[in-house]
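Consider the two complexes below, in which subunit A is the common component and subunit B and subunit C are the respective partners.
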Partner chain A sequence: MIAIQDLTFTYKNGKTPALQDICLSVPSGGFLGIIGPAGAGKTTLLRAITGVIPHHYTGDFYGSVHVNGMDTVDTSLDRLSGITGMVFQDVESQIIFPTVEDEILYGLENFGVPREEIPLRISEALHKVGIPDLLERSIASLSGGQRQKVAIASILALKPQVLVLDEPTGELDPGSSRQIFTILKELNEEGVTIVLVEQKIMLLCEFAKDLAVLDGGHVVLQGETRKVLTQVEKLQSVGVNCPRVTTLSHLLTERIGRQQPVCVNLDEAERMVRGLMK
Partner chain B sequence: MIRFEDVSFAYPDQGSSIRDLSFELERGEFAAVIGANGAGKSTTVRLADGLLRPSSGRVLIDGEDTRNSQVSARARKVGFLFQNPDRQICKNTVREEILFGLRTVRSEEGESALQARAERILAEFSFTGDEEPFALSRGQRQRVALASIFAAEPEVLILDEPTTGLDYRECCHIMDQIRRMNEERQVTVMMVCHDMEVVLDYASKALVMAGGRLLAAGPVREVFRNRELMEKASVLPPQVISLGLRLGDGYETADTPEAMAEAVLAHRKKEGASDE
Partner chain C sequence: MNKLFQYVPGNSLIHRLNPVTKIALTVVICAAAFITDHLLFLVCLLAIDLLIGLIAGVAGRTWSIFRGLVKIAAFLFLLQVLLTRAGNPIFWIITDHGLLTAGKVVLRLIVVCMPLTLVLAVTRISDLTNAMVQVLHVPYPYAFTVSTAIRFIPQFLEEMSGIMEAQTARGVAFDQAKGFKKFSMILPLCAPLLISSVRRTDQMAVAAEARGFHLRTRASAYKQYGFSTGDLLTAVFCILLLAAAILL
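So, the complex of A and B:
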């Protein structure tokens, strides 16, 4: 679905490459989580996947990015955006209309969705993020979390094959963040490929099938989530802290001298400890 | 230091968002305000800062009613760190940014004293002073905002989600600096925070809110171990505490992975398991 080959990108006027020698692939139906410290190149990588790099943000672009078999350099942004939808980190810069309905309508009209299909698309999208009652509300009256959900709904309404999200739960409380990740999981199970940057490590580890850890423009670790989580020292060296139940797995492995399962959530940790108590 | 007496507050056209809120924070306390989105947390800290004034009831800062106190007097006493540092940074260099705040709230000290203060705080925060705030990362910008607040030596520090959008390292950096200020200078801290691991690591008291009301106030660990309360407030307790509650059997007291691992090993030893 997404294939990145030896990608090196330097923003115009940039002194050093924002991304260097990136090789990464996400299969159709994949769920890739990207994590890393500030300035690691996470947002730049998302931009390269959506095609806004190099079409909108120009610079020196080496290597290739293919989405659905199309080379992003040779394909127009119009066509690419029919496949990939992106939710920005800063929702304020994504939302431009005064009401929820208009905001979602805007994208649908731009994409030429038939008029009779529009009400259903809007209502489906709002239901998916759990805010059907906000349809007629003004954006100004919404909380930060509600705005984030509107931004996600407006992209979901377009039914993208690939959904790219830059810290989508940044403004949300833990309950709502989990709700968003659950929605993403459902979409993923329906076949939507998900790529997201997230700092909330607990959610990332629990929901993402694969992880890529970025630091200084390089991918320093990538692979199946649990495998990546076994690289404790490497993760710590780039300032990524494992979920605490994962740390518990590592501690018990070390102290008992026998490999324990790498736990990413409470259920798994409970099972592990109960197993050790028998 | 901060005292709410039957405080209610309503935004225009929106019905009441805070109802009958009463609590008190002593000098030097580190309190976290927790609850789901829309619980009234941000409104509460804005009331504590005097940015908002109660519709009824009183908010007292160091004994003074926020409705009667002057903004300038309050600004000396209370520092407010917004969630988004870009809402409070307005100068082109870090040094100018820090001096800007100082000149506003400590003008009587004279320019050379203020400059000396600014240099001290720059050193404490490891800034040269010549950095351009908007060329820095979000975490560093948050530290610039924090540095300008610290420079004025407030007695109360109010934080609205100070770690949002920061990576783990930046988060620790900011929170350690806040803790130092709390411990060394007895600054009273009131913090809205969604990350319960951060609340567990740094705060000593939790104010639990839901639907504009205060559900409970108490020591952080006690609050997190109160399942009913956590459910009512839609708060997920920190992972290890949740795990301890599920396991029961003495594991409830563990609050860190290390403590939990110790508890597991002790249990196995008692049962005669042979661990290396």
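So, the complex of A and C:
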């Protein structure tokens, strides 16, 4: 679905490349989590996938990005955005209209969704993120978390084939964060390809099928989530903290000298510890 | 101030008018205010402004706009009265001609400013944009620009108070300064305000483009903006008002 080859990108007026020699691919129906320290190029990578780079943010672009077989350089942003939906990190700047209804309507109108289908799409999207009662509200009266859900709903309503999210749970409480990830998992099971940047490593490990770790514009680690998590030292060297359960299983492997399975959630850790105690 | 341009939800006669009709009414009131030369007619126009606010169920907003305008008007009135040198003196340096001209100037100001702000109180900006595109065939990018500019005003103020708070937290005593001193303290804030606004505008452009901004056509809007009997009556009223302004 997404194929990135040897991508190097330097922003206009930028001195050093924001991304260097990136090779990544996400199959159709994949769920890729991207993690890395601040300034690693995570947002730039997402922009390249959505085609905002090079269409809006210009600069030196080497290599290629293909989404659904289309080269993002040759395809117009309008066509690309019909396939890829993006939720920004800064929700404030993503929301264009003063009311929730208008905000969600906007994309639906632009992409020419049939009139009779629109009310259903709106209510579906709002129900999915759990805010059906906010339809008539003005954006100014909403909390940060509610705004984030509105931004996500406005993209979900468009039913994109690829969903790209930049820290979608940045303003959300733990409960809502989990809820968003659960929604993403459901969408993923319906066949939507998901790429997201997230700092909440615990959620990422639990939900993402694959992980890519970025540092200084390079992909330093990538692969299946569990495989990436076995490289605890490497992760820590770039400043990414592993979930505590993963650290535990890693430490046990180290101290006992017997290979333990990598744990990504509490249940697995419990099982592992119980197994050891026998 | 923040709420001055915000939409007040409602279902009044005025709310239900086609946004284009509301704009037409506004334009006609403004035009009438400039065409006429009668003080009494201007007073009538002011009464119409207030009446519209009352019918629309936004009496509170109307009153606060009116009060704000009166403050500016009082200052202008004084200036005008003191500076006009024509006519017969009534008292000290004040002349009858001065009073009359000053009265007309400030009434015009109030009459013209009120409907412009009232329209925004009784119309969603998106409806305004969509109706302009659909009915008046205004190209969408232009309509979008205008509506975004209007919507930016409260955001601007919000950002401004954010910057002021940030500065206050670092020891700038905005609250203790008054008048010109306060103004000179606020002036340097224009640079960060401008920078953050440009950045925000740019990101908003990305957000709009990423959701098919360029695909939008005249027929895209979900809501249809038809004309009802109310619109027809308003149109008749507009014609009468304009005729009265010209003939009287």
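Criterion: the second predicted complex is superposed on the first by the 278 of 278 C-alpha atoms of A that agree within 3 Å, B and C clash if a C-alpha of one lies under 4 Å from a C-alpha of the other, contacts with A are read in each partner's own complex, and residues count from 1 in each chain.
What we mean here is this: contacts are C-beta pairs under 8 Å (C-beta built on N, C-alpha and C of every residue); 3 or more make two chains touch, one makes a residue touch a chain.
Since we're looking at a predicted model, the values are computed, not measured.
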| item | value |
| --- | --- |
| First (subunit B), second (subunit C), both or neither touched by A:T50 | second |
| Contacts of A:L276 with subunit B and subunit C, given as first, second, both or neither | first |
| Which superposed partner A:A140 touches (first subunit B, second subunit C, both, neither) | second |
| First, second, both or neither for A:D78, with subunit B first and subunit C second | second |
| Which superposed partner A:G112 touches (first subunit B, second subunit C, both, neither) | second |
| Partner chain in contact with A:M86 - subunit B first, subunit C second, else both or neither | second |
| Contacts on subunit A seen with subunit B and repeated with subunit C across the two complexes | none |
| Touching residues on subunit A, where the partner in the complex is subunit B | 36-39, 89, 141, 143-146, 167, 170-178, 199, 201-202, 239-241, 243-245, 247-248, 251-252, 255-257, 266, 269-270, 273-274, 276-277 |
| Subunit A residues within the subunit C interface of the complex | 50, 52, 55-56, 76-78, 81-82, 85-86, 88, 90, 92-99, 102, 105-112, 115, 118, 136, 138, 140, 154, 158 |
| Of all residues in subunit C, those that touch subunit A in their complex | 6-7, 9, 124-126, 148, 151, 154, 200, 203-216, 220-222 |
| Subunit B residues touching subunit A - in the complex, by the definition given at the top | 14, 35-38, 137-139, 164-170, 194-197, 234-236, 238-240, 242-243, 246-247, 251, 256-258, 260-261, 264-265, 267-268, 271, 273, 275-276 |
